[in-house]
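Each of the two complexes below includes subunit A, the first together with subunit B, the second together with subunit C.
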Partner chain A sequence: MKTKNRAISVALLTVIALAGCSSTEPTSTDASGPANPATSKECQPATGNVELTFTTWVPGMDTVVALWNEQNPDIQVTVQTGPNGNGGTYQNFFNQLKAGNAPDLGQIEYDALPNFRVQDGLVNLGVCADVLAAQDEFVGWTWNQVSFGEEGNVYGIPQDAGPMAMFYRKDLFEQNNIPVPTTWAEYQDAAVKIKELGGYITNFSQSDINQFAGFVWQAGGSWFQNDGTSWSVGLTSPESIKVADYWQGLIDDGLVSANPPWTDEWNNAYNTGSDWTWISAVWGANSISAGAPATAGNWAVAPMPQWNAGDNAAGNWGGSSTAVFKGTENVYEAAKFALWLNTSDEALTALNKAANLYPATVAGANLPALKEGVEFYGGQAIYDVFAQASTQVNPDFTWGPTMTQVYADASDGFKAAVSGGGTLADALTATQDSTITTLKSQAIPVKE
Partner chain B sequence: MSATDTPVRTQGSADAERRLGVKENPVSRVGAMIVMGVFTVYFLMPIWWLLVSATKDRAQFTSTAPLWFADFSLWTNISNLLNYGDGIFVKWMVNSALYTVGGAFFGTILAAMCGYALGKYPFRGRETIFNVVLGGVLVPATALALPLFLLFSTVSLTNTFWSVFLPSLVSPFGVYLARIYAAASVPDELLEAARLDGSGEVRTFFTVSVRLMLPALVTVFLFQFVAIWNNFFLPLIMLRDESTFPVTLGLYTWTTQVNQIPELSGLVLVGALLSIIPLIVIFLLLQRFWRNGLGAGSVK
Partner chain C sequence: MTTNPLTQEVSSGRPPASRRRSSPHKRAIAVFVLPFGVLFSLFYAIPVGYAVWQSLLKVEREGTFGVAREVFGGFSQYEQVFSNAPFWNSVGRVLTFGAVQVPVMLGLALIFALLLDSPLVKGKKFFRLAFFVPYAVPGVVAAIMWGFLYSPNLSPFKAVTENVAFLSADLVLWAIANVVTWVYVGYNMLIIYSSLLAIPTEIYEAARLDGAGQLRIAWSVKIPLVMPAILLTTVFSIIGTLQLLAEPQVFRSFSSAVTSSYTPNLTIYSTSSIPNFSLAAAFSVVLAVATFILSFTFLKVTQRKGNK
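== the complex of A and B ==
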């Protein structure tokens, strides 16, 4: 697999080199070598002043970009905004690509990147030497999300990550002498005890399919694979089914509540102490403090429960990249801005302050703001747990090119399962089939 | 079975009831009141919920009864809303007002002129044009948004005020209503008299015909006003610059950011409450015209 990827990227680089700069012959077979012949041609600084547009839905991005504009009078960036990706901005990107007026840069979540790549909407930033050189600054798995594991290819600069851990009601666990679960088996035992006390261990979300993907991610599964020529769909892989069966067991025994997520009932279940834990991403810290203000000081964060005692695997839920769209005339400047935005201390600090973004860089985990204790969590330095989790995320999880459809179909099945019609595994099987059908209908090569 | 027993008697008593007066039948009256009451509650409940929710702070929002007041913090909420993001909400309301009042006003004039021409001037192809306009009533605005985006892209007008304003000026239904009303309410004799007195056609239109058509025009204005105020999909596709958003798109943008900035959920509620006030005001002011106009269209 890895050698195959490498062979493909060499082939790709050769094409680029031949097209871009015919005098240079690619002599090295090692694609990771520094002598990337394409760098010279496609990633050249412009001669005059440059104006870039950047579409993002990160709140407060304009203040962060203002820092850049102040320091770079020759590269001025204009921020455009809108609803979140699946709320309309992705569709707008596709419309704009069709109309030929896409912004230079755009925010794209990891799970949507393959879609844009398949539709040929993104500039491969592998042509910029600075971008390739920055690889080591990022946490390994985040880089894999934007390079698809292919040496020399980069379709976006990782912006933020959503490593997962377990938020739990420390006070309730202590008062009732229930040990904090470290494995999924212990989690189930705790769920039984909590049920006897009239509570639920957590809420199973019927529509946060990417949270469920995070569980599968932790279990070592991957929903998609791409061998360079065709896709394979793994929604029914053994890991995926294992996770589905586990949660189906909790649902069948009535051990989890099933409120629709992000609603008042859902908030209320946490605010009143009816739900005790939430396995969620780092950004979930603010969701709880906002949704369950009455429980301030009673929460703590622990690593995700493991499938085998002694393991230390984490999942990921969410995270975005900054991508450069086809049609831009300023690849070099766009890449330079995207690198600054996602690696410099001042930008990462500002993004964290403005929008609670958790950096995708290795150094970003050490920002002063991410070292402090958080009052809502009883003063615990919760971000240490997430920093640890971020290093434990499996680098091989791959998203597919039709995630919107996957989420919609899986969510339909999960909703049915929660109300007793079928099981989560049934839902995954149905989604597996519908995904293959969708890929075929879009003429995307897929293995069955 | 009972129907075969005394068919004549049942028939007779029903007739008697009808003769006594439909208005006074207490059963149907109560029935109608119940049905209307249920629907009134059904329609007002969400607004009541919105009003109540907007007065709560975030902690009480989830922890208190959803349909009754807790501590009254509406004014704090409103001031938070107006101060958030350098007062961007105020900007959105102003934008909405500009799109709406401008679009409804000029759109009504356009529709009136068009409908008047179709209604009062016989010319070749008149019915064809009218049928095409009628066909336009059937095409939902949403379906036109993407083609409009591609059109505006070719003239580099996307992400501007005009990209939302210009499409708002067009109202096929307004043309239809204006034609029907012009045909019914502007007598040909009056136009003849105006011409004999030396008034030009344009002058006649603005000084005589518009006044006669006023109830219909107010209706068109109201329809346009509501449609543009609630317009969401077109701005979503056209606009990228926060400072040009109408309030619908602005609030939607906020709701999709709630994961990152939880406090926005409260602001969206208060913002939604404030954003329906202009609609309520304009309805209360103009509703009698609305009724007249609708009636005119339906009778003819």
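== the complex of A and C ==
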């Protein structure tokens, strides 16, 4: 009797479970509904007060949002904070989208937008006339990142950009009469001299692949292309391999340190003066001042080294958008808030003060806050360097729809390369293959 | 360990109904069983069933940004699981880990428990608590703390860590084993110790009358009598080993040797963050079945030995 009842209950539960799953099926197809036909009906103001939730990891975002809440009693935004995107927040977003309880708005970096779009997680803000009208306010390539180069489609409001430049220890370069490198060849020469002095020119970022992507971006490569019918994967493109071989050379000669990024060991290498430069994005200014406080006043910023003397190309590392998730009932209000957050002078100034975010708007480059000298960098007006870099970023770099997987696999390979197992180029080749496999398993059309 | 009771019950539920006797307490039984039944199905049976169902789905879409439709895919996810070399490498890795770490940990736990139980040791309460304290430290915190201790330039034991690369490919598995051992020795010790306390004192008296010393009592009386507790902790440890996640996940951020597929559970975690929920579910089901088979085989083998 006991066993029979148990069998029945198990059978029942299985039926319930299966029924539970199959009943979610229609809703997921419902949600897919009209993807492109942009009816403005979907972007109508709500009647009455609206409450929105916004998940982000940008430090100090709550104080910025407090400004909005003061001025907009009828649209109140609650900030929820989490770890940075690939550190867990994206995973949460995917889970929440699957469970149907995503926040109204979320912080999404440009590289993750295709991933969320392919999972059908984002509201196409092209339905809102105000959003389309704002296109000209943004730097061209940042708009490309959120529109995927498609007219009338907008999957997020650009928030900040991460144009790259070279942070370097001005004092050490001067004391040792080493010229500040302007090309990658000079960078290698400098690395040799620094090695002789017992230091490293920089740290190779083995597990944050975004920096490497920024180098490839500068070299004119693009890891993905979408021709509308299928993706092609370009991790092993000539530009990508050129960058890999260059850094492999530095690793083989022991010219760079290989501390895992964002660890205390890594901070320590900069704080003690063992590492001399860091080629990083504008927000990196904050990372250095926080991680290497003992070196205050000794740093300066110069443009990224170039592949050919006289070139003017910059890479980009990071930068994110404010996206609106499927499932929100208040697209209009969410878009209105996202536009204010990313275009108004007061919000952009506050974001820069709180988190060194560099605005994605054209006008943002002229904010008074971005013209000031920065004490940590010996009073240099460092944002001028980044403002120039921002105009030199190639607008055609495209991210793929499975970047979490690309980063994880490339990082596995890069980690092996810095510990002497294989090369960076091997890692890119392996990742190229695994990326194609992953795209196929997601039924995403891909060229081989 | 997630699916086994389900499969077990389904298969044992086949025999035809017979011997039905109406019980006078039917309603009372129902009232007592209901709370458990509800929670069990909500948080165990239904999620397990859902995972199994999810693992049988696959995704279809049209175009580069076409909306995904989940359709029944049969065992297509399982094909990917069985052809995924990194996953099976990681299974091999945790088995190696378990083969060394579990005996060491349980050996230490047994020794500590016997010492605590010995009449010769003073300050038992203090030591019992001291051994148990690491278990109260959350696994993630323990891993971060040990990561700091292992760190080549920042460790308080720099003299050692500068020369021994604990976080390198050769040693990191054993560095993690050390963390796991540190956390769980006290927990296992407590299980064995409480089982020691349950041994009737008459047996010790008899052993002493026969002239047995403390060591002899420990070897011939105590250990055989706490064998069930040791077996239990072994099964728990095997399960824990196959499901290793928190420690390698933390170590991944500061060790070059820990990859995104270092342990089976890390593979599942990375797969679900692609997000490829169906493949992640298939990995989970395979891992659960493998864990079940391993624990069950271990129990069977040891029981047979005990019956001889």
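Going forward, the second predicted complex is superposed on the first by the 408 of 448 C-alpha atoms of A that agree within 3 Å, B and C clash if a C-alpha of one lies under 4 Å from a C-alpha of the other, contacts with A are read in each partner's own complex, and residues count from 1 in each chain.
Following the convention adopted for this analysis, contacts are C-beta pairs under 8 Å (C-beta built on N, C-alpha and C of every residue); 3 or more make two chains touch, one makes a residue touch a chain.
This is a predicted model, so every value here is computed, not measured.
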**Message:** After the superposition on A, what does A:230 contact: first (subunit B), second (subunit C), both or neither?
**Reply:** second
**Asked** Who does A:308 touch here: subunit B (first), subunit C (second), both, or neither?
**Response** neither
**Asked** A:119 contacts which: subunit B (first), subunit C (second), both, neither?
**Response** second
**Item:** Which superposed partner A:441 touches (first subunit B, second subunit C, both, neither)
**Value:** second
**Message:** So in the superposed three-chain picture, is A:71 touching just subunit B, just subunit C, both, or none of them (first/second/both/neither)?
**Reply:** neither
**Message:** For A:283, using the defined touch cut-off, is the partner it touches subunit B, subunit C, both, or neither? Pick first, second, both or neither.
**Reply:** first
**Message:** Quick check on the superposed pair: does A:177 touch subunit B, subunit C, both, or neither? Answer first, second, both or neither.
**Reply:** neither
**Residue contacts with subunit A in the superposition, subunit B compared against subunit C** = C
**Prompt:** Can A:264 be said to touch subunit B (first), subunit C (second), both, or neither?
**Reply:** both
**Request:** Check the residue A:419 against both partner chains and state whether it touches subunit B (first), subunit C (second), both, or neither.
**Result:** second
**Asked** Just which bits of subunit A does subunit B share with subunit C as contact spots?
**Response** 91, 95, 98, 262, 264, 268
**Prompt:** Taking the complex as given, what residues does subunit B use to touch subunit A?
**Reply:** 58-59, 61-63, 66, 146, 149-150, 153-154, 156, 158-159, 236-237, 239-242, 249, 252-253, 255-265
**Fill in**
Given the complex, residues on subunit A that touch subunit B span 53, 55, 57-59, 80-84, 87-88, 91-92, 95-96, 98-101, 103, 262, 264, 267-268, 271-272, 283, 286-287, 289-294, 355-357
**Prompt:** Inside the complex, what are the residues of subunit C that reach subunit A?
**Reply:** 6, 9-10, 12-15, 17, 19-21, 37, 41, 45-46, 49-50, 53-54, 58-61, 63-65, 67-70, 80, 148, 151-154, 168-169, 252-261, 270, 272-277, 279
**Message:** With touch defined as at the start, can you tell me which subunit A residues reach subunit C in the complex?
**Reply:** 1, 3-4, 6-11, 13-14, 16-18, 20-21, 25, 28-29, 32, 35, 90-91, 94-95, 98, 114, 117-120, 148, 206-207, 226, 228-231, 258, 260, 262-265, 268-269, 401-402, 404-405, 408-409, 411-412, 415-416, 418-419, 421, 438, 441-445
